[in-house]
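Both complexes shown next keep chain A, but they swap its partner, so chain B is in the first and chain C is in the second.
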Partner chain A sequence: MKNKSDLAESDSTEEVSFKRKRGFRLMGLNLNADGAVKGFFGGNAYLAILFLLFICIFLFKSAIGFIPGYRTELAEARISGIEAANHINYQLVGYDALYTKINQAFINERRDRFGDLETVVPIYEELESIVDDKLEDEVDEYTELDDGDKKEASALALKESIKNASAKLSREALLKKIKARLPETDTISDEAYARALIYAEQYALNDYETPDEISRIPAMINEQMGGFYKAVEAIKHSDDDLRQIYASIEKKSQVTYRTISNNRKNQESIDELSKNIESLDTDPSNKRDSTRSAAMTKRIAELKPKIVDIDTAENIKFVYNEISKHDAAADKMISEFQVGVDLLAKAEVKTEKSEILIKESSRLFDELKEISNERKSLLAEWNHEKPVTLWNSVTAFFFGADWKTGSDRQNLYGLMPLFTGSLLISLVAMLFAVPLAIGAAIYVNQFATKREAGFLKPGIEFIQAIPSVVLGLFGVLVVAGLLQGLSECGWLSWVPGFPIQDRLNVLLAGILLAFMACPTIFTLAEDALNNVPKAYTEASLAMGANKLQTALKIVVPASLSGIVAAIMLGFGRVIGETMVVLLVAGNKARIPDLSNGIGVIGESVHTMTGIIAQEYGEVEPGVLHWKALFMVGLVLFLISLSINSVCQRVIAKRSK
Partner chain B sequence: MKLKTFKTVATTLTASLVLIGSAVAEKIEIKGSDTLGAKLVPQLKAEYLKANPSLTIDILAQGSGHAFSNLVAGTANIGMSSRMVKDKELDNFASKGKDLIEHVAAYDMIAVIVNEKNPVKKLSLKQIEGIFTGSITDWSEVGGKAGAISVYTRNTSSGTYKSFSGLAMSKKDYGDKCQKLEGNQPICTEVSKNENGIGYVGLAYAKGDDYKTVKVDGVSPKISKISKYPLARKLYYYTVGEPKGEVAKLLTWMTTSEAANKIVAKIGFVPTPVAEAAMKKDAASE
Partner chain C sequence: MSNPFQTKQGWNQRKERLSFWSLRICTYIIIAAAIFIFSNIFMKGVPTFFKAEAPYINTEFFTESPQILSVWEDQDGQEYSMTKKNYEQWIVAHPEKEIIGLKNLTASGGGILGPLAGTFLLVVICMIIALFIGVSASIYLSEYCGKGKIMSMIRLSILNLAGVPSIVFALFGLGVFCWLAPVITDVPKDNAAFVCGWLWTDSYLSFQGWGTSLLAGSCTLAIMVLPVIITACEESLRAVPKGFREASYALGATQWQTIRKSVLPFAIPGVLTASVLGITRVAGETAPIMLTATMSEKSTLPWEQVEGPWSFLTQSVQALPFHIYTLAKFPDSEHVKPMQYGSIAAFLILVMGFALLSMMLRNRLRNKLKW
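This part shows the complex of A and B:
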């Protein structure tokens, strides 16, 4: 009883102390201590919003100039004819991809048939490197000598020491080295060795000049390859005409393009400098700084002659003239290629590998025909005066398939390779992270004893404290090697994409990012599970369901919206991660080849975050490239923003 | 992002901590390229300070672009760059009424490296162009063991990226299968761990475990071959106006003195006098 009255008493004294205090009244505002504290907290909250707004404005402001700027560059590329060159280049790239396959098949076959003769070249190169490494002083000494008896004697001595030095390398060791190159070699014939030795001597005596015979050996073998060689030769030269047209259009259009864009840039510089001079002149607070304006005037005088007249009409006439020859050249390429393919079909092929390559190339040949026809019709329609609209520039950014910067030809800013890379990595990461983190959350929340939960929960949450650069380095130096080693194990070869070729790839980045996303998903999902009213669980248990049934059929469904929100926030975390992907994704700015199916996870990709971190460093502020990076940043920002707002809606729905 | 920068900053910090003990008289700030600033300039500095203990030298290596932005802002006395100044940057100097002076720091050779186990010992410039533009995709095409080539390059903001495309690829675009890495060291790491890898690095990085250089057009990247090696380039120091006082003394020492040249050669660059003598000799013999 006494206690209660004590409590009541203390309550009443507290009430007294909370009596309204009298403060200053200023302009209708009551400024007292409480108000100040409230204002301080409120101000902090609004400051965060203000900061967010500030970031938004900054991002938009920096990025917005990109669309019209890119439009100008695209228009310049069109007027100068680079676009036409690009159409031809697509065919040539296709041709290259095809030719390299056929060439590989040929080389493989050649090695199989003429192994012994072929060994002369690698043996010679081994001996050459012995001369380089061990006998450099002697050779130099010999080279310095004037012609005469002394030189001849020295030549003999040199030959002797080459022979001795070469003999130190045992035949077994040599065979091992040759085998690394020509795996089919079984023995090294004395004949081949003797020949190689003579060539090595010539190399040393002739001031490090590789004897011509060495380059003639492959030609000799080629002659003996018969039909196969004829096929390869037919294919090898089928693109000559087309390549020539490409080269001449490229040359002319590059001149036009570079001149136009340099003129524009110089004009911009001049305008800016004159504006600076003007503001120097008119600004009364600034005492006229004569050295500065003199330097600027000097620079303007330097720049003015750099703006040169160019007859674009004349240049484009030349381009059209070349284009008129294009169809014939493209047809010639295809028909000559066809001749080669027919010869190839008749040629005798012994090795399985070559056969596979040839089959593959005949499939690719059909594709090349399609590409060629498509580009032919595009070129027929092509018109350098067709205006480039703002919309063109927008689509060129969002759907462009190439991100090429620092190019001496034409910079291309296409988001697609970066976007697909980011997306692919995030999906792989979620594939690992979701089951792990959700499973862990269910276990910790529903089944773990208090002691277990006591170390599991902080343990998992601690992962968040690992700096991402540390994780990235760990990935490059440790996990990458482990993963590659694992992928080379025979018993794992059923896994799609194994064995992986690139050490740095989507899978590696996905695994590391999954590790990073785990604590985010785990914590939020665990919270969601915790928020399920106790009554649900108790009712379920009372109805006779066991613990597992209750967890999976009652608690998880009841908290599903929270779990979904957790997963989405985890996704947002992953797609925005920079340091880890920069270090381990391999940074290959190319749309992943989805024709490999799931095998695509063994490829290297580039990401939106990675490109900003990688290229921002040395871009001068304000140029188009700089703005393009901000556009990428803006896209990232919008993705994160939409993920967050969707999450908030999902959570709001649940709490209703 | 720039681990090397971090390293440099760390070494600079420790070095400057040591220096705090000595009397601080004059301070010289050197900023810019990490090709120069990661190894060479810090070692030159250490040597120079032995004779001039009262001097303070700060080095910050974040990339060639920073050389010019800092020189314009007046926050550096000397800029290091692995490329020549761009037009846009010259404009900036002009609008501040400043004059930019170029000094050749040293010659560098870009070495093409492959894995130690790769039997290929030499490549022609044409083959290198084919590999880096993506038209050659298999090692068997250049006389190696069959296997798809993995190409590693510097990233697009690097001076070396541009120099290489000019020297080795007749300014053509890199193929879209290139993996762009963050510096010389990561390229060495990847090539040393991938039997089918190929990449290029500054000569200072050309010696290492598990990878080796190849001869380009029959010439190996050795200091004695500078005049014949096709992938050689210059590295620069820049100053605003003709250097004066301590800065002038330091620059002259770094570019001409015997002791400095020894360090330059030790790190793996070619000292300017050596390179120029070799070129003169070659020009005379032709």
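This part shows the complex of A and C:
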């Protein structure tokens, strides 16, 4: 410190004589009381700094092993043929998405044309089972009667008891059962119910004979759907061959893959253990070490038989054999699908929703064709002996489109779905938070009276203290329902993405995070506005500008860098937030479908922070999954560190 | 006579008014959202704290730990929900009733004593560690170190670390404290990173970590809050005018005497504010303790069934934020609602209390200490 050195200088000249020397010097350290105190504080400071440095090193060290580890796994997947199966799977996934769309359009159209008619069948079948179970005796009794008055009276009684028995089955229970078969059914109309009841009575009165109408209904519906029905039928089974090839490759190569990777893991632990044994004291008199080494030797003996020989050559031959059939199957799928799509184009479509779905599906079909061609060429080039480079594993992590863990299959660690999810949520949050918080900052700083600012400022800053988990739970319990209700309002249907399909979605997470980011942005932006010299404002007002002009044209531009820093710091806070997104983002690890435009805000996503919090419990230190999570943590760390350092520099420069 | 600038002026005024009101609405939207959240939580949560008959306070909620809640219906469609213990007694008492659709909901019955105690312990241990290191480090940084380039770089990096997401600290804590920290034990685990003999005894010094434990959680929280505390304390130390120190040196005091007598007393309120701020942050954090310290179900309280300080520190605890996270898994069940809202209201009151305290301290400080 400057003062001290000044004093020291004056000390050294004249006042040396009455300076009391306590303590002694040792190796350049001054061991008197003052020195000890300084050493104590300094030690703590360096401890803190070391700890913070250690965090960075530890994160890097734990994460960096991921790249070679992932490379090994990718190489194993290649040699066992899983990679080939994955190429086929991509096509099947594309097919499934497409088929679901078309099927939805079909169901939608059918519902529009026939209304409740199709629900009659399942309702009837439920009622039929009631008749079978509960009224068996009565029906038997009735059928034994001869024709006549008695039979007529008995028929009436029978009808009455069927009605009573069916009334006991609550509508909700009935709906649940029907929903299992026709997933898009929301209600059971009285009409359909009454109709099914009549059929059920007929069934009983005709001595357990299903009425013809019932068996005719589905056929009739399908017939009347005409071209549409044929199209769906054509599409339905077009993927069979491809799926079969996929299943056979998958089954065989999965076994190989698991064996190979288990062998490697066991070998690794054996190596580790033998290394540990070597480091121990071999002297038998050292009891402590000898018991330990005995335990480890035993463990090695346990592990050794687990390593089994495997013939990869035979497996890979089978895979190549199956691959040779792939092109034909893929072509068949595409051509049959084409037939369906052509039929679809001719079929008449009445509802708007179906029309949109069909339009979308024709776009998706083009994509599927592309995917199929791409994968075909990839499979043609596919060679199980091609080495996997480190660069491959880096790109597979950073640009991989799948994050799949926890299953028997090969674990895939692709950052893309998580990164896009985090980014999307943060952008939506900023979209809400920036105008509100900046507007509030300008208002409080420039327009509000002193009294108003006196409660607005602490009020907004107070929000910062709400724990994120509370906000998350509140989102799940209250806001999710409100948002979904709002999205179903007719007058809001123009908003893209409305009505929202998933209860937990990007928009919900964005709104809650916006609320969290508001105080951060507000406080920093308000500080920045406050730092603008008063002379600027006064000069502007003196020139005849009004308050608004001064605020927007003088004060805001002068503090723009600070405001931008505030926004970025808010962004940094939002992208690193864990509990809210873990609770309300829906946690589906897939890349959001951006082809829907802004409608993407209605989807469920997963995030980088969420995945760590969700999967930490499944991993043991050192395994690849663990390293993958550290890799995600490192990416987060670097993102937030770079945002922070840029912003802090801006803020530091401004406050000088 | 008409003013030629009249129309233009009017337009500008209108524009000003419009902007004024839209900015004002922006501000009040934020405030309204906050009021909506607070009132909603309190209105639904506070009824959990009370009950209809004497003593009017729901003592069970504050004196019991979370238990499994059993929910079922009997044959008449009557719904029941009780803690599992009561449920077992109930079936014995009512053998004639049929039980339909029995569901066991984790941690949804009973009270919140266990989580409250866990949170309290975590915060206290964390603050002891963080304040000890943080305050001394900030004294060193502001009083003993100069303003060199390296020092300002260190300061900047500490400031940057304050903004790192808590989940990253959590991951670090999981890796270091739960899986790597040294333990003295007789039977080291296989997956220990490094094992060596401990002095001359028969035990080992094994780097196998403290597991999911109170200590690991507190240390993680301490490291997380360290940058915040260092920055805030240093700021308050720097705010003490230079003249105080110079006057003290001029009287012949040593540096330590100067710090103790003429710097620290004036910085204490600031340090206090920093520590309350730290508590607010620590108490509200979920991710770090979720990874390093907590479990959702535990029948004993932290001070029951422990054999000495080490086993006390290395036990896993319940914590209020994690308890709330566990409850979020049942968004639709009506029977969990009292527990859910009660827990978040209690937690909110706790954290808000600290936040309010820190704000009041800061305001008093601003008004009182002016030089």
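Following the convention adopted for this analysis, the second predicted complex is superposed on the first by the 410 of 656 C-alpha atoms of A that agree within 3 Å, B and C clash if a C-alpha of one lies under 4 Å from a C-alpha of the other, contacts with A are read in each partner's own complex, and residues count from 1 in each chain.
Basically, a residue touches a chain if its C-beta (ideal position, glycine included) is under 8 Å from a C-beta of that chain, and two chains touch if they have at least 3 such contacts.
Treat the numbers as computed from the prediction; the structure is a model and nothing was measured.
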Comparing the two partners chain B and chain C, which touches a greater set of residues in chain A: C
Touched partner set for A:637, first chain B, second chain C, both or neither: second
Which of chain B and chain C A:299 touches, first, second, both or neither: both
Which of chain B and chain C A:148 touches, first, second, both or neither: neither
Chain B versus chain C as contact partner of A:544, first or second or both or neither: neither
Contacts of A:132 with chain B and chain C, given as first, second, both or neither: first
First (chain B), second (chain C), both or neither touched by A:586: first
Partner chain in contact with A:476 - chain B first, chain C second, else both or neither: both
Contacts of A:467 with chain B and chain C, given as first, second, both or neither: second
Touching partner for A:100 - first (chain B), second (chain C), both, neither: first
Common interface positions of chain A, toward chain B and toward chain C: 273, 276, 289, 292, 296, 299, 476-477, 480, 579, 582-583, 613, 616, 620
Interfacial residue positions of chain C with respect to chain A in the complex: 12-13, 15-16, 19-20, 22-24, 26-27, 29-31, 33-34, 37, 40-41, 132-134, 136-141, 143-146, 154, 156-172, 174-176, 179-180, 188, 190-191, 195, 197, 202, 204, 223, 226-227, 230, 242, 245-246, 249, 254-256, 280, 283-287, 290-291, 321, 324-325, 327-328, 331, 337, 340-341, 344, 347-348, 351-352, 354-356, 359
Contacting residues of chain A [partner chain B, same complex]: 93, 96-97, 99-100, 103-104, 107-108, 111, 121-122, 125, 128-129, 132, 177-178, 180-183, 208-210, 265-266, 269, 272-273, 276, 289, 291-296, 298-299, 303, 353, 402, 404-409, 417, 476-477, 480-481, 484, 501-504, 579, 582-583, 586-590, 604, 606, 613-620, 623
Interface residues, chain B side, partner chain A - complex: 1-2, 62-65, 86-91, 93-99, 117, 119-122, 134-138, 140-141, 143-146, 148, 150, 155-158, 161-162, 165-166, 171-173, 176-182, 186, 189-190, 193-194, 196, 218-220
Complex contact set, residues of chain A against chain C: 1-4, 7, 33-34, 37-38, 40-42, 44-45, 47-49, 51-52, 54-55, 58-59, 62, 273, 276, 287-289, 292, 296, 299, 435-437, 439-440, 442-444, 447-448, 456, 458-474, 476-478, 480, 515, 518, 522, 546-548, 552, 569, 572-573, 575-579, 582-583, 609, 612-613, 616, 620-622, 629-630, 633, 636-637, 640-641, 643-645, 648-649, 652
